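There's a structure below that I have some questions on.
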Amino acid sequence: MTRFDLPRRLVAEGLGTAMLVATVVGSGVMAASLTQDVGLTLLGNTLATGAILVVLITILGPISGAQFNPAVSLIFAISRKLPKRDFGGYILAQIAGGVAGTIAAHLMFGLPLVEMSSKARTGGAQWFSEGVATFGLVAVILAGIKFEQRAVPWLVGLYITAAYWFTASTSFANPAVALARSLTDTFSGIRPVDLPGFWLAEIAGAVAALILCTWLLRPGATSTASSEAKL
Amino acid sequence: MTRFDLPRRLVAEGLGTAMLVATVVGSGVMAASLTQDVGLTLLGNTLATGAILVVLITILGPISGAQFNPAVSLIFAISRKLPKRDFGGYILAQIAGGVAGTIAAHLMFGLPLVEMSSKARTGGAQWFSEGVATFGLVAVILAGIKFEQRAVPWLVGLYITAAYWFTASTSFANPAVALARSLTDTFSGIRPVDLPGFWLAEIAGAVAALILCTWLLRPGATSTASSEAKL
Amino acid sequence: MTRFDLPRRLVAEGLGTAMLVATVVGSGVMAASLTQDVGLTLLGNTLATGAILVVLITILGPISGAQFNPAVSLIFAISRKLPKRDFGGYILAQIAGGVAGTIAAHLMFGLPLVEMSSKARTGGAQWFSEGVATFGLVAVILAGIKFEQRAVPWLVGLYITAAYWFTASTSFANPAVALARSLTDTFSGIRPVDLPGFWLAEIAGAVAALILCTWLLRPGATSTASSEAKL
Amino acid sequence: MTRFDLPRRLVAEGLGTAMLVATVVGSGVMAASLTQDVGLTLLGNTLATGAILVVLITILGPISGAQFNPAVSLIFAISRKLPKRDFGGYILAQIAGGVAGTIAAHLMFGLPLVEMSSKARTGGAQWFSEGVATFGLVAVILAGIKFEQRAVPWLVGLYITAAYWFTASTSFANPAVALARSLTDTFSGIRPVDLPGFWLAEIAGAVAALILCTWLLRPGATSTASSEAKL
């Protein structure tokens, strides 16, 4: 899968998730401190997140696959893109990196190292949003890998740019990042009590995307053959 | 044209149109809920739409051609890029997908499944805008396919990003998406009664682009030959 | 230079300049109508202009070179990238296209076909801005063509995106577009009386870039040789 | 390293740093003059800076490496990507270019040639921000060069786009640019007295990135071999 050993791959997953979370949390704090307009705050948050995703996936993808996301790692483990024996390590690195990212953002903005978020994100509309968001993310990754591998960093960055706006939840779509965001009481936070709902919705969306893509991305051999036979 | 069978192609057209409409409608609802500034609302709507177009055309183009648009499918059917026997199926998939996209956006934001739009979009300036918008879209697609096939997802995403702002209608440029947007009474809606005017203008613009491009994109053999003869 | 005959090349120059001006003028009208914030207005204007430049240069570059700009055509004529006998036709096509673009934008927004702009843009700071803007544009094009031909559409789109903000004049950098913008009394207009100052500054900047690039982009053969001799 | 002689490389470094600083300073002045919203001001500043970085690195990279940054040149000198005898010249060219960029921006906006900034940027949170910002920048450059050389202009432009928002200091990440920005009393300025703290933090971050990348980017030969042996 990669010629890098496990320690380097785990550091890449941890570092990437940390930079991602530091960007999400930090840009939310920055934007909220500069403007009263919540639309503009989300815009600053979006730009920074979309941009850093392209960068991180490009530079760390060749080392670890740049998953930064337990839902993605789960799909990769199921579809044998990630060796099953590495799955646990990846999840732990992502969680540790995510928490470190929140702490780093707080240090950059002079906030307490961690704080529990008080931002409620719950209910059917939010869960459906997270399911759709993660469904789309996993579909983009699986189809991107198949059709246009080198574009995947851009596809993910652009997808999240859109999903920040088209979902009611601003598209967490990542259980480790959601956990890390429960430790900040700022713009991008989520109450710890709301995590399980998000996690379930994200995993459901990811699995749904895997099921659909397993069918959709495999050319229908029989009917193509018969269609060619007609030519 | 593609090695994927018709069911997969129709699912790709439906899924892509659904994701596109969910993005257009959803990001409009999100943006309007976060800011009072209509310029900023259109900006959030634009960013999300432009970004998702690049993504959807990249990942679904290899399956179905990623047309998501009856006006484009019409041009492709006329110019034999789409088998005529598939034309009807494509249109139905796009319409069904578009409606599903509106419903999905409404579910994500806790709105009624569908509602009739009350947003008036009519009159000569609007129709001329839609004609120009669709003319440009089809010209971009036809020239892009000829000169830089792999850039087409980017070209379409960037073109629509611009056209949201340079047309008075915010550039629907898509009869199926327009229909789906008549079912939401939010920022991106259009009154059902205004649909026929938009449809006619869009088809007229698309046909005009096909006519121009048929001449413009074919190197003028005679005069080039005579010019080469002079060298 | 291209295998397209002169009529097609002139239509490409005219169409491209028309689409460019329609975008500049139209997005300015749209943005100014949606928000009171002039910063946000320029942002909408910038996004649309940068995006359409990438598109237009990609799809029309293979036909005519996608110059859309008399200052660029002048530099190309001097440096023999454009046959001198085509220079006059290119300029006329660009001017006609530009005026058509303003008219098209006005039609889309229900304004009078043309109107004289009352927006003053004059004085040393404005002229220096235009000189810098056009210097940069021509340098980007010449270096881009030399080092990374296929990236030129992106480089020009991104350069203008930046130059809209880093110059006091919002970077017209184009005599034909400036002329066309004197015919709209909206956000992006310029008083006809201010055109000569802009034109002179733009041509001076373009020529300065040509002189610098003629030296800078040619590897210094002697000193490189002596440096290699030392290895 | 490059087939261009030292004078051309130094001009490229100076010109590039000048254009970069003119963009940072000029877009800050422009944005602050158009809007009262500081979030929007930073957005205009960000867009222009990110865009010009992609352009400048693409067109000047083939000549000088497009470092524009003493912290980057230091890392390149240590890792033998820049001949040590050229290091001093590069730094001087970057400083001279940076100061010229501030002057050019001031001329474009009708301000005094230079003025001392009164904008305080000091304290642990700011220094940590600069350390993180420069750490990330150097890591992106080193990994980008290794894995995806041609994407480096995009990676740097996108990284800085994000870092303007995720750091409390808006990510100067460049000692020469910081110096040049101490000479403008506008949005992007920094008090001269605050420079040493920024410089130290930037160099510390750069060196930390070099140390990490030296380990991270080298595939772990032994453990990969043993892992392959198991297959």
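The letters A, B, C and D name the chains in turn, as written, and every chain counts its residues from 1.
The rule we apply is simple: contacts are C-beta pairs under 8 Å (C-beta built on N, C-alpha and C of every residue); 3 or more make two chains touch, one makes a residue touch a chain.
The structure presented is a predicted model; accordingly, all values stated were derived computationally and were not measured.
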Interchain contact steps from chain A to chain D (minimum; 1 if touching): 1
Reference chain C; chain at largest CA-centroid distance: A
Length of the line joining the C-alpha centres of chain B and chain D, rounded to whole Å: 39
Distance from chain D to chain C - Cα centre to Cα centre, in angstrom: 28
Shared-contact residues (touching 2 or more other chains) in chain D: 37, 40-41, 43
Arrangement of touching chains [line / ring / star / complete / other]: ring
List of chain B residues in touch with chain A within their complex: 3-8, 11-12, 15, 19, 22-23, 25-27, 30-31, 34-37, 40-41, 43-45, 47-49, 51-52, 54-55, 58-63, 104-105, 107-110, 157
Contact set on chain C toward chain D in their complex: 37-43, 46, 50, 123-125, 128-129, 132, 136, 139-140, 143-144, 147-148, 151, 154-155, 158-159, 161-162, 164-169, 215-217, 219-220, 222-224, 227
